[in-house]
Structure formats: C-alpha cells, structure tokens
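What follows is a set of structures for review.
Okay, so chain A shows up in both of these, paired with chain B first and chain C after.
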Partner chain A sequence: MDTSTQITDAPPPAQPPAVDKRAARGATRPGDRIFLGLSRGSGILLLVIMAAIAAFLTYRASLAISKDEGNFLTTFEWNTNAVPPVFGIAVLAFGTVVSSIIAMVIAVPIAVAIALFLTHYAPRRLSGPIAYVIDLLAAVPSIVYGLWGALILVPHMNGLFGWLNDYLGWTGVFSWEGGAPRSMLTVGILLAIMILPIITNVSREVFRQVPQMHEEAALALGATRWEVIRMAVLPFGRSGVISASMLGLGRALGETMAVATVLSPTFDIQASLLDPGGGTFAQNIASKFGEASVFGQDALIASGLVLFVITLLVNGAARAIIARRKEYSGANA
Partner chain B sequence: MSTATVTPKGPSTLRGARLPKWSPYAIAAGSIAVAIGIGVVGGLHSRVQWGLIAAILYVVASYAIATMVEGKRQAKDRMVTSLVWVAFLLAVIPLASLVWSTVARGVKVLDLYFLTHSMGVVADTEPGGGIYHAILGTLEQVGLATVIAAPIGVLTAIYLVEYGRGNLSKAITFFVDVMTGIPSIVAGLFILSLMLIFEMQPFGFAGSLALAILMMPVVVRSTEEMLKLVPNELREASLALGVPKWRTILKVVLPTSLGGITTGIMLSIARITGETAPVLLLVWGNPLINANPFEGAQASLPLYIYQQYANSAGSGAAYDRAWAASLTLIAFVMLLNLVARGIARWKAPSTGR
Partner chain C sequence: MAKRIDVSGLTAYYGSHKAIEDISMTVEPRSVTAFIGPSGCGKSTFLRTLNRMHEVTSGGRVEGKVLLDDEDLYGSGIDPVSVRREVGMVFQRPNPFPTMSIFDNVAAGLRLNGNYKKSELSDVVEKSLKGANLWNEVKDRLNKPGSGLSGGQQQRLCIARAIAVEPNVLLMDEPCSALDPISTLAIEDLIGELKERFTIVIVTHNMQQAARVSDRTAFFNLSAVGQPGKLIEIDDTERIFSNPSVQATEDYISGRFG
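Take a look at the complex of A and B:
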C-alpha cells in the first residue's frame, strides 16, 4: 500500500473469481437474474433519488424565483409575503460562509493537535479510551449541541465578548454593543465544537497510517518528536487532513438546529461578529418555515437549493482529494 | 529551580543536557500557582481566565527553561508538546460540559412518569407532562426509515461489490459519496417539495422518507466495506461446488459479514435518530399521542427538544423537559453505538476464518 497507483476502480480483493464471465453471471438461472435485477435496481434507485432531489428542488425554486421582485442573489431582504414578494440570499450566504469559516479556523488546528496527541503524545493507556469517547461524541445529535449551546455556552460567552470588545473592539469586527451574545461568533464556536470530533477522527486515522519506517528513520537521524511530526507525519497526512476538514466544513455549512437555537437572527449583515444578527441558509429555513405560506416555502426551497449546490461542491472537492489517495478514505467515519 | 537539578554537564557525556523527568509537572504546578496569584490579585472572577493564564504561562515557561538548558530544538519540541496538551484539554472542557450538563439537568424530571405520559393537557410553560408521544413517534419514523433504507442500502452495496463493474457502478459509488454529504434539511426540503406538489399535510411517514434518504448512503458505505472483507476463497469454494451466485451471496457472503453489516445499520440508525431538521419540516410535532405515522402530525424526540426550547419563552419547566429528553435521546443513541460496536468486536474474528 505504498503508492496509490491502481487502486482507483473496484478494489482487487473484492473481485469475484475471474472465471468465465458468462458462467459467473449465471444469466441462465432465474434466481440469479432476479437477484441481480434487485441489487442493480437499488443502485439505480439511489441515482434516481439524487436526480429527483435536484430536479424537484429546482422546479419548486423556479416557481418562487420567477415571481421574485428583487435579485435572488443580491437582495438583502426576505419578504415573501409582500405583494410583490422580495427576497434574496445575500445575507444567508454571508452568514453561512462567515460562521463556517470561524468554525474551521478554530476547529481544524485543535482537531489536528488532538489527533497528534492521540497518535503521538498521549500515554498508550489513555489514547484508546479517549479515541473511543471522541467517536461517541461524533454521534451526539446536533439538537443536543444546540440546547447546550443556547443554555450553557451563550451565558459563558459574555466574558470573552467583553474582553474582545475591550482589546480588539477598535477593529470593528470585534466590537460589541452588549446584547445577548447570540451572534455569529458564538455560532462559529459552537459549530467548531460540533465538527471537532469528526475532523479529529479522520485525521487520527490518517496519522496512524504513517509508515513506521519514516518516523523511525527521522528519529534515527536525531530528530526530536516535533521534527518527526513536521517532517514525516504532517506531509504524509496533509491530504487526509484537508479532506477531513472539508467533511467538517460540509457539516458546518448544513447545520440547522444548533444555529437555529443559538443565533438571534436578523436579516442584515453585521460588520461585527459579536453583535447578534445575520443568518444562515439552514437556520433561516428552520425558523421561517413555521409561518411560511406555500409561496414562502417555495422561496425557502430555493435557498435550500443553493445550500445543496454549495455542499455538493465542498463534498465533491473533499472526495476528489480522498480519491487521489484512496487508502485514507474517511468516508465510513 | 530546575537548573539546579540538572545532571552535571561534563564534556564527556554524549547526550546533551536534559531536563529531569519531573520538570513538566514542576513547571505546570508553578504556572498554576502564579496564575492563581494573578487571578486573585488582579480580581479576575472567571476560572476560565485563570486556566488560560496558567496555560500561557506554562507554554512560555517551559519554552524558556528548555531553551536555557537543552537548546532551541528541544525547546521547540517541548513547546509543541505542551501546545498539543493544551489543545486537548481545551477541547475536553466543552465536550465534558456538554455531557455533564445533560446528565445533571436531565435527571431532574426524568422518571417513569416522564417516559410514559404525553404533553396532552400540559402547556409548554407548565411543569409536568412527558415524552411518551415523542418516543413513539421517533421509533415509528426511524423504524420505517430503516425498513426502507436498510434493504436498499445493502442491496446497492451487494451490487457494487459483487456485480458492479463499469460506468453504472462508478456513477453509483460517486453519488453515494455525494449523498453522504447532503445536509439533512435539504433532504427534508426535497420531500417537502413533493408534498407541496401533491398538496399533502405533514405526517410521520414523510419524515421517514427524508430520514431514509439520509440513511441509505451510510448503509451502503459501511456494508460495502464489510463485503470487501469477505475472503474470496469463500466465494470461490461455493461457486466451485456449483452453487448459483445469488445463493452464494445469500448463504455465504452475507452470513460471513452479517455482524459488520448489522453494526453499520445500527450506527446509521443512531445517526438519523437525532436528526431534527427534516422532522421539523415534514412531521411538524404534536403534543398528543398519534400512533399512526401515515396520517396527521406526529411528535419526535429531537423535535420535542427543539420545541420545548423554542416555544417556552424561557420557562424553567420546559427547559428541564428539554434536558431530560436530551438525556433520553443521548442514552438511546449511545446505547445503539455501544451495542453496534460490541457486535462489531464480537463478530470481527469470524471474517478471518
């Protein structure tokens, strides 16, 4: 498994025996034909579902967008009940990107550090159980993170926000008018906590696969532990870490309930990350859905379509990076 | 204090000077003491600030001391070691707090009454009531989703591993990957768009369909991994005896990998059980017991948590119920996880036979 030369298609060990093709397919037996039909049918059904998702979302979205008086991409307003309806996704796109960026900036370095901790620093007796616990934490439902974020994390943010405002308030990005800290920064921190386990898990898998020889060679040359990591572990694991981060980014972009519980949304763009306001695609759908008319629901579907496309791009990029070095696949994480 | 204890730096030793083994603990103790001192003198109330000051002091102090005694490279190594430890401890705080607060606040109202009663006659802001209707709804929705998604997922994986070659299987593999990343709310919107077209009202099964969409790719991926682990010799032996391929798959391949497939399915059930967004869009929630998933709005455990939080205008009783429901949900998900991993461990050696 030293190179990634030809492991791209169907994996070799999984190949059915290479007997005569016609005999192997057993096309003459009705049982075989039915079974092949069933399993192929399920596969095709998956493709049909994907196509249907794209098609129906686009159809309903087009119903809404065609009546939109504003520009769907640039309007700073979400007023679907107005008589002509005016709505646009500019605020949502901004909020989604900003909160995800904050989450990534916080989560990726810490996750990589924890992965290194588990593979290279922690005492062996500790690292197994900790990895197991982190595995379990990845399974905690997002609504629980949301509840915790809204009731425990938010009150604890006051201190940090005051401090940021005192020392960094002059930048404008960290100024705070003293409202409840249900802002983009809090959302970003909560998202970071949520995606930490998944990024850690995938990175840990990658770091574990670093060839022992590389590390021992570096140690034999007198490298310190940090130099081993910098010269042998990190270069080997780079693509794995990138794809792990992209998977985490995909989660952060589409996260609904945690954002909906923590953020106090307004439909405008705040220069400051600390003042409440803004919104994300998923959060906007969840909070506006309750009182939306059929037309309003179509408009929300239109914004969901944009989110769908964005996550497709991000995940596609992550998969492409994984596919280049197949043996790191974190897809079953 | 540490320099005094360093072993004599004679020119004859081959190794460079090293700090003694206990020095990190000594530096840690020192920096914590100094941090507490700063905290008390400076009047900082937040323990988090004390911890941060201690962490920064520790990193700086160990770097400085190691530079003096051991040299730059070792100092850098020690600094990274301490940074990694700090990162780990930093991450433990919120995660431990999450688990702790859920358990501590959840047990307050969690009892048999809570598990066996609905919110039928209880206003959201009053104490009392329970989650029976929500548990019922979740079990039905997740059960139906599993009934749909598990066979389709397993069959797709069988196609990919046992039959798949060529463009169709490549396309399926790619789109399964893509499907894994669909946000749950988008799956909900897809079913919603169908419901809008057919002018349907919210009902439990609609939620099941969205959950099934989220579950399928996970089942495919995990089943695929498991089927690939089945040794080819088993297939060859069976085929050599003249057993048809479909019977080989049903009688040899699937039983061999059954443990792993079960694990995968249970993990995916655990994943969709906590999904709130599609249920919010499609099932709406209902304070009453509705045992029929095919008609009328239903409740669901994650949705119950959200609604207790969002609709209660800060009522303590509702928050208590939300925490108790969270604890129930986490306990259920963790139980699924633990059992699934137990099965995986118990069944794992059988693939090697």
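Take a look at the complex of A and C:
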C-alpha cells in the first residue's frame, strides 16, 4: 500500500523539470494549447481595443482642447467656429448626469419590484409571459422610444408638470414656467423606461439564484414572505442589483437618439428639472457632428472622452461598492 | 415550553403524488424522537409537515391533524408563519444567512418577532450561542460573517439561531449528514443537552446516531417506489434496536434490507 501511493504521488525522478512545469499549466495537449491561445488572445484583444479607443479619443481631444479659449470644463458655450473657438462641457456633463440620475431613481425601485414579483409572487404561468414582454421592451429601437417620447409622452407631461409646480414648485427644482415639457425630467422618465428591462432582467436572474436553503432558513424562523425577501433574497441579490443598475446607467449615460428627439437643447443649465433646455454628451454629439468642421469634430470627440471617463468612474465606483462587502456576499456561502 | 406533538391520520401530497399516508404518532415533550428509514420513505416530508414547511413546496398539501398540546397546527385560522415561530427547524446543510454576521444570524428570529433593545439582543445571542456550545469559539468575532465558520460550527450557529426564539419544538432534518465525525459528536452532545428544554425530532440516516441520541425511534418505509411512505412502527429506541415488533424494522436495522 505504501509503495503504491509513493509511485502515484511522486513524479519519476528521471523526468526533466521543464516538462513538469508545462504539465502543471495544462498546455501540453493541442486542444488545451489552442483554447488557451484563443481565450488569452480574446482577453488581450479586448484590452487593445479599449486602449485604442482611449488613445484615439485622447489624441483628437487634445487637438481641440489646446485651441479652446474658454475653460473646457466650465464654459457654458459651444462655439467651435468662432475665432478663437470657445466651448465647454459643463452643460453637457450636468445634463447627462442629471437625466441619468432621474432615470435611475425611477427605474431601479420599479425594476427590483418587478423582478421580485416575477420570482416570488407571480404564479408561474403569469411570470413567463410578463418576463417575455419585458424582454420585448429591451428590443425596441431607441429611435422608436424617441418618437414615442416626442409625440406621446411630451404632450402628456403637462398635467404632471403642473401638479409638481403647484406642490413642489417652492423647491425650485420642480418649478415650471409653462414651456414645452421637453426638459430633463421628461428625458429622465423616458430613459427610465428604456433601462427598465435590462435592470429587471438581470435582477430577476439574480433573485432566482438565491439558494432555496437560505429562503427556507428564513421561513423556518417564522418569516413572512416579505421578511424572507428582506432577510434572504435582497441581501443575496444586492451586488447583482448594483451590477444590473450599472448596466442600465451605462445605457442611460450614453443614450443618444431618444434624448435628441425629446429634449429641446440649449447651452445653459436650468435650475428646474421641468424647464426645457440643457443637453447631454451623446445628444450634443449627434446633433452637431454632421455639420461640424474637422476642428468641430475634435471638440465633440473631446466631449466624448469626458463621457468615456465618467462611465469608467461610475463602473469603478460600483465595483468598489460590491467589493467592500465581499465577505458578506452570497458568493462564499 | 416544550410541548407534546400529537399527529393523527396525516397524509401529505406533492401535487397528485401521495408522499406519506395516514401517519399517527405521539411525541412526548422533553424527549428526542428519531425518524429512520430508507431514502424516499417520506420521513423528511413528515418532519416538514410538523412546522408547515411542507406546503412551501409548490403543490405541497396536507390532510389530517397535528396537535401541539391542544392546538391543531392545521386548524382554520392558524397562520403558518406563527406555527414556524413555535416549531424551529435545523436543516441538512448548514444554512446561516451569508450576508449576516454571526450575531445577526442568531438575532434574526428575534428581530422578526418584535423590537428588542440592543442589550436584550446581546443577552439572548450570548445565551443561545452558549446553549449551542458555540460561544467560546465565536465570542471574539461576533461581527464576522457566519459563512466564515467551519461546517460544524455553522450547523451549531443554525441551532443557536433556531433556539434563540425559544421554540416549543425543534425539528432537525439530518443535521449531521454534511459534517465530519468530530462535528457530529459535538451536535449529538448538544442534542442531549437541548432535550432538557425542547421537544426534539430528528431525521437521520445514521442508525448508530439514532441509537445514541434518541429516546424513541420511528421507522418509516414504503412498499415500492412511487408508493406513499408509511410509519411502520414507533417504540422506545432500545426496543427498536434490540427487539422490534415488525420484521421489516429488524431487516432494515440489521442491514438485511432489499
């Protein structure tokens, strides 16, 4: 018995160490080598693409920013044909962030509620069709959302805007001077509808994966259905919901056509979410790129670089939030 | 506190499938009753009918009566949630809440039941962890996640969580089957201590374990696959393992089973 274990455990001393090392890496068989090459190549390709995008954006942006007479970050103007050119991203950064925040505030709670309903409340024959309809929402092209927003949503916002102005107008954030409701709030609501499916679907998958034993643990303690969700489902799904929200936020930050169709853009910041005006990075690029000079394009690319950085920062922040409570996540259960 | 369980004519279904049929038995307070029998004989299903966890499974339903002292758990107007607060349960695989600390795991049931002051919670948590023979091992890391403990410690944490709400009955569904022998011994010792305070019912596949920990043993069997499981006999553990009155029980215990 002893000798037999020795033979299987210890490598024959005659074998050269180089072969051993390769065996440990699992790359001796052709299939393994090919797969290793493919997967490693894909990983490297991704990094190369990201680096290339960043390099392109940075190069073209630097051409523009070096000639900008205004402060690129704080100027409330976009006039690339002026001599000297004056442009800045303050309005765009504000509009992009504000419209996305509105969209998240509206969409995340609704999406989580829908996902919980589908996984824990709805009877199975109902949850399938509902999930399918939500998937369909994700398949609608954004220009269709834009048209719907401009033709249907905007004319119907007057009632809501009047109500908000009556009761919350004193805050300043919800005051309304009676202009067409092509404002940040309308854009935010439209974006919320657009990002709802992705957040709902990812959250639903996460909630579905909550191990039954955790839900039973809560049930056996005498938890009601809501308490089971609070004790076992939501904490387990927390990081997944954050990831889902980040996917949605990414879409909201970069959404172009729907915003461009609904918003009536101006190059100033409205204190009220209800008064028309403002702009977002993507909307501004889309509406100006066609007629821009080469220099004008560089300036728009510079604004694109800022959007790129904002998106990276948001993703980084989300990862930090998830990592901070890693040891409490369901992953090590 | 510890209550008597009186089951009569209990039949449980999964959809149209009859899982167990016409089971009647009495479980005395402050005793340990072990359920043994081959896989699929319905002993776990029966255990889960005792705290109305069976009906959580889709299609699960129950006919018959389960009296806890004089209260019918399946009577009309009885809330299954309140039943489960009276009848605690420990599962096969240790299942502490992974997102909660050790302290919060033990306090979880109390927090469901109402508002407690921080000091009250601390007292109960300490008492429960001591009751589960876990206090000395975790007292310095109560704020660490429960999932960082070993399997045996996690299972004792689950027991602490279950006894923290002072249930009348403690159900254990193969509590040691995922544990090593040392951890198993720790749980078995604990069961011996807990029966001073609780009525305990334990499902086990390990017949030595049943012989070691229980006062009474119930043998379940099914006549064929797809047929409902039935209670063959229930008697003092000593008698079941030395001189059972039914031949099938003796065959099963002596390993002569088909």
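Just so we're on the same page, the second predicted complex is superposed on the first by the 266 of 333 C-alpha atoms of A that agree within 3 Å, B and C clash if a C-alpha of one lies under 4 Å from a C-alpha of the other, contacts with A are read in each partner's own complex, and residues count from 1 in each chain.
The rule is short, and it goes like this: a residue touches a chain if its C-beta (ideal position, glycine included) is under 8 Å from a C-beta of that chain, and two chains touch if they have at least 3 such contacts.
Treat the numbers as computed from the prediction; the structure is a model and nothing was measured.
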| item | value |
| --- | --- |
| Touched partner set for A:87, first chain B, second chain C, both or neither | neither |
| Partner chain(s) touched by A:220 [first = chain B, second = chain C, both, neither] | second |
| Which of chain B and chain C A:236 touches, first, second, both or neither | second |
| Touching partner for A:311 - first (chain B), second (chain C), both, neither | first |
| Residue contacts on chain A - larger count, chain B or chain C | B |
| Which superposed partner A:319 touches (first chain B, second chain C, both, neither) | first |
| First, second, both or neither for A:72, with chain B first and chain C second | neither |
| Contact residues of chain A, present in both the chain B and the chain C interface | 224, 227, 332 |
| In the complex, chain C residues that touch chain A | 51, 53, 56, 81-86, 88-89, 91, 93, 95-101, 108-109, 112-113, 144-145, 147-148, 158, 161-162, 165 |
| For the chain A and chain B complex, residues of the former touching the latter | 9-11, 13-17, 19, 24-26, 29, 31-32, 34-36, 38-47, 49-50, 52-53, 56-57, 59-60, 109-110, 113-114, 116-117, 121-122, 135-137, 139-148, 150-153, 156, 159, 193, 196-197, 224-227, 229, 247, 250, 253-257, 260-261, 282, 285-286, 289, 294, 297-298, 300-301, 304-305, 307-308, 311-312, 314-316, 318-319, 331-332 |
| Chain A-facing residues of chain B, complex | 46, 48-49, 73-74, 76-77, 80-81, 83-85, 87-88, 90-91, 94-95, 97-98, 101-102, 151-153, 155-156, 158-165, 168-172, 174-187, 189-190, 192-194, 196-197, 213, 216-217, 220-222, 225, 227-228, 232, 235-236, 239, 244-247, 249-250, 267, 270-271, 273-277, 280-281, 302, 305-306, 309-310, 319, 322-323, 326, 329-330, 333-334, 337 |
| Chain C-facing residues of chain A, complex | 211, 213-214, 216-224, 227, 231-232, 235-236, 238, 325, 327-330, 332-333 |
